[in-house]
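Two complexes, one shared chain (subunit A), two partners (subunit B, subunit C).
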Partner chain A sequence: MAPRWTDARTGRLLGALVCAVLLTTASMLLFVLVQGWPSFAHNGLHWFGSGGSVDVQIRNIFLSGETGTHPVYTFHAWPLVWSTILITGGAVVISLVISLFVSAFIVEFAPEPIRAVLRPVIRLLAAVPSVIYGLIGVLVVVPFIGNHLISQSARASKAGIISLSGYSLLAAAVILTVMISPLMVAVFSDGMRTVPSGWVEGSLGLGVNRWRTFWKIVVRTARPAIVAGTVLAAARAIGEAVMLAMVSGSVGFSPNPGDGWLFFVEPSRPLAPTIIKNSEELSSPPMHATLFAIASVLLLSSALFSLVGWAAKQPMKKYGVRA
Partner chain B sequence: MKFRLILGAALALALAVPTAASATTLIASGSVAAQPVLQALFNGYHKAHPGITFVYTANGGNAGVKDVQSGRSQFAGQARPPLPSDAGTTYVKGYLDGLCVLVNKQNSLHSLTISQLGDIYAGRLTDWKTFPGAHLTGTIDPYGRDANGGTYNFFSQAVLQGNPPGGNVNALSSDGLIANAVKQDKYGIGYDGLAYTRLLRPIKVAGIPCDHANVASERYPLSRYIYYVLPTGKADPQVTKFIDWARTSRAAGGIINNSGGVAVFNKKPPKHHKKRSTRR
Partner chain C sequence: MQRDRLRSWRLGDRVGLGLCWALGALFCAIAAAIVIYMLVEGLRYLRPALLVTHPTGGYGEAHSGGFLDPLLGTFLVAALAMVVALPVGIAVAVWLSEFGRPAGLARATESTIEMIAGAPSIVLALFGTIIFQSGALGLFSRTAHGVVFGRSFFAAGAMLSLVAIPLVVANTREGLQLIPAHVREASYAVGKTKAATIRRILLPAARPQMATGAILGIGRVIGDTAIIVILLGATLTFNGAGGLSGLSTLRGTGSTLTSYIYTNSPAGEGNQPGKAYAAAFVLLLMVLVLNASVDLVARRGRKHRWN
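The block that comes next holds the complex of A and B.
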């Protein structure tokens, strides 16, 4: 009897499964875009612009669907987009720096016993559910910022406009950094370990010290892994919702860099938490479209990250290790 | 072919089981604020009538009413009075719930009027020094619920004349987070259901303390009814029976009072009920 699982049959079956994955992704993207389309169609590019209070707009959108008069779609998402850029961007930049140094230590300098402990710990940290970070943020980080870093005069200067109570850009970016750095460290150090040892030994043999060898040989060679880790971390950061809903302050306010250092402790609300916070209002058709429009912006940005990461890796492939 | 038959049979079975059981499963949805009390009532009713089970989805009062209109739910819990958009549904008053106003332990304020509360939550009164009773100087940090939920709507209607709160209000996603935030912030003020007042000291509103007795008599200004919403003329007899039990029986009254609500229509429990007077 011929074997049931011939190579050809296995190949076709697995191919079909992969096609199903691609099909699911494509149909999900299409579904979200179609559902959100009315919001984009009514606002055009002003969707991404500023103007008016975004919270008042959300309320009007919701009420127009509930009370049954003609629907309102006016929505200018700039405060939410700006908050997303600041929090995600800030966290990715800070963790990129931290993760490079931590990976350098793990790969090049750490004694074997410490390395043996660090690796599993970092993998564990990368897998902690975000709501736990949210709770730590609400119970520890936010009260610390509110009670110790913000002076009474600073609070008074913003009185009646926003509350400087600790729910802030700073809290959000710091906790997000803690969340995504382990992911970056894990990918970076894996990539750095695959650098051929002959290259490193060659450099050391020429009398170059380890620090310089690390930056000039290991980091350069592992660039594709660094790009991949950063893209992965950025994608996780931009989609993070639960933790940010808990600590970002949840106000549709654009933090203003002109406020000096107060800028860092101003509250805001990124895109993803906006979906969570208003999910109950899906019953209102224009609100439904608006929330799906937000979702499609998030989906497309993640897709864009992957694309940019892929494009950035192309020229490095020639010399670097694969990741 | 044989495989397909088996699959079909399995599917039919999987679909048939819930249908067979639905004769005694009552499906409901709606208010998040009412969920703790409703869930306790469901458990109590299930103990007395083991044949009947409940499925409650806390998707918000407004969504719950939509579910009743479309027939997806047999009844809904709702924390606001009926609106014109609720056509085809009947609202039945269930029990009372009170929103208490909470401040930090270091704040000695003991009373606020509704209009002062409105000024705080609209961002017009921003410093505790406006209230000499607080013995505190510093910018007020108001905490409130985010737009998800009947509590937010009730507060907007009762205190802010239907307007949204000011930009200085920190919007948190649950009653517990508000209690936590006020506990940790000397300058904080927040609002929460009656069940949360064991954690923090509630202040008087318009001179009336937020407690069980004052909510029951509706003297306390921030009291509200939790409603059961039924499809007009099409209510399932089992649902009607449950709602009658929940509204009138002494047992249900005890359950409501112990799970954070205030029973209004239920037969009074016997006098030795000590728990009620100590609840604050």
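The block that comes next holds the complex of A and C.
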């Protein structure tokens, strides 16, 4: 009986499927770029620059498409880019520090019962849907900041420029930190656990205490995992749309570091929430191009992060790390 | 022994260790706070009637109905996404772990899967609008006067499967790699082909990890909002698109719990926090159950040992 599923045929069939997945991804990259191209072509590098109110520009782009007159593409996205950099960067930096300590605790210092509690807790925090984080943010964190951290005089000092109501960089960065640090902890602690125990014991045997040993031996050996975890978390953070749409304040304002302490409670709107806020307006051709231009910036940066993370993880394969 | 060892540490080291404890406790506190807060608020607003009434567009919490449609929509979307993601993900994982030639293609696949995992779901959603608005795929969504709307359960399910595929691939692959080489060799030695070995030996043995991947995938799918808002339309109730009754729902628009929460939060149009809390509570319960079942599956999988 001739087998229907010969090995060569199975291999080719699965290979074809894999190629289909690759093609889909490649076409996604291509399509998004092509659709967004008019916006880039029209603005050049000024796309990333500042100038004018970005919210007014978005409205003009939309209206020009709806009324059918000459399409307007002028779009200077700096306030959105700046907000993305601040919120994502802030969250990644805070989570990096927190996650290092927490994974040190989980891997090395926590007694067994606490470890048994902490591991499911981390997994739960990673699994909570972003919209629930957003809901808690908008109903608990934002009112708290608005009522307790912003004084009446501070609000008056900004009257006429921007309204400080609690929707802020601070709220967005704090909640984003809670969202991405479980991801980091998972990758970090996987990496730290695979450090050969002989190296640790060697250091302990020389009389170095456990704390020093951990930071000098384990953390340094697990450096690829730390880079990978950070970068993967950054990729996740930069694409977060819904939660940030709920707590960031949704105005195209660029927070000004010159405002001192108030800088942290100023509202803004990152790139990804801009897409979701304007998704009803995709029917207007110039708006379509603008939103796809934003999407291609997001896609390219997250793809870059993912690839860097993937490359950084390769050396860890030697020690048999998955993740 | 731990105690007196600690006393010899420098102050900075001891402070660091204290920080470790504090941050570990902080994580537990945040998780507990989220669960307890959602539990309290959820139980305050959740009525059994909410689960079985259709939502209506009314002002005030008393007039806006329940969330039967979003609840069913969540199940529907999860099922559709997994119907695509499971076979594709398992196939990719099998190819990567058992074939993997040429090596260049394998490396490209690995990094592509990683890229899909990192791709923002909002970008996947926009990509979905291009695909499903094309005329050739008109049969998957509502069509009127030659214009394809491109918003349907099919569209959302297809794009959400991309969200789940990386998780299925990673877990299945891990399961396959846990099986030692001598098991494969024993199977070849009794005359089984590679294809038969994969189907009869390797896949059944990797089933716990496949289940883990599937559950994690479902968790990610039901938690996604951006794709639902853009590709499913986030309408209040199911809006069928004509044709056969079952197919009509799948071709039509609808909503899930996530988009319902988003719409009813102060950031959305509905702004009925009571309803949002109740729906969020139900969603969180689903996530907790999925999380617990991952543990259960992992524990059952661990019993299997190759010696």
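Here is the rule we go by: the second predicted complex is superposed on the first by the 294 of 323 C-alpha atoms of A that agree within 3 Å, B and C clash if a C-alpha of one lies under 4 Å from a C-alpha of the other, contacts with A are read in each partner's own complex, and residues count from 1 in each chain.
Quick note on the criterion: a residue touches a chain if its C-beta (ideal position, glycine included) is under 8 Å from a C-beta of that chain, and two chains touch if they have at least 3 such contacts.
Note that the structure is predicted; figures quoted are calculated from it, not measured.
Of the two partner chains placed by the overlay, subunit B and subunit C both lie in contact with A:L139. Once the two complexes are overlaid on the shared chain, A:V93 sits clear of subunit B and of subunit C alike. Looking at the superposed arrangement, the partner reaching more residues of subunit A, out of subunit B and subunit C, is C. In the superposition on chain A, A:L30 makes contact with neither subunit B nor subunit C. In the superposed pair of complexes, A:D55 makes contact with subunit B only, with no contact to subunit C.
In the superposition on chain A, A:A41 contacts neither subunit B nor subunit C. In the superposition on chain A, contact of A:N147 is made with subunit B only, not with subunit C. After overlaying the two complexes on the shared chain, residue contacts for A:A156 are found with subunit B alone; subunit C is out of touch. After overlaying the two complexes on the shared chain, residue contacts for A:A245 are found with subunit B and with subunit C alike.
After overlaying the two complexes on the shared chain, residue contacts for A:S279 are found with subunit B and with subunit C alike.
In the three-chain superposition model, subunit A touches both subunit B and subunit C at residues 138-139, 245-246, 250, 276, 279, 282. Taken in their complex, subunit A has these residues touching subunit B: 53, 55-56, 58-59, 62, 66-68, 138-139, 142-143, 146-147, 152, 155-156, 158-167, 245-246, 249-253, 267, 276-283. Across the complex, subunit A meets subunit C through its residues 3, 5-7, 9-11, 14-15, 17-19, 21-22, 24-25, 28, 31-32, 35, 98, 101-102, 104-106, 109-110, 114, 117-118, 120-125, 127-132, 134-136, 138-140, 178, 209-212, 232, 235-236, 238-242, 245-246, 250, 272, 275-276, 279, 282, 291-292, 295, 298-299, 302-303, 305-307, 309-310, 322. Within the complex, the subunit C residues that touch subunit A are 5, 8-9, 13, 16-17, 19-21, 23-24, 27-28, 30-31, 34-35, 37-38, 88, 91-92, 94-96, 99, 101, 105, 108-127, 129-130, 162, 165, 170, 174, 193-196, 198-199, 219, 222-226, 229-230, 258, 261-262, 265-267, 273, 276-277, 280, 283-284, 287-288, 290-291, 294-295.
Residue ranges on subunit B touching subunit A, taken from their complex, read 32, 59-60, 62-63, 66, 83-85, 123-124, 126-127, 137-142, 146-149, 164, 166-173, 177, 180-181, 184-188.
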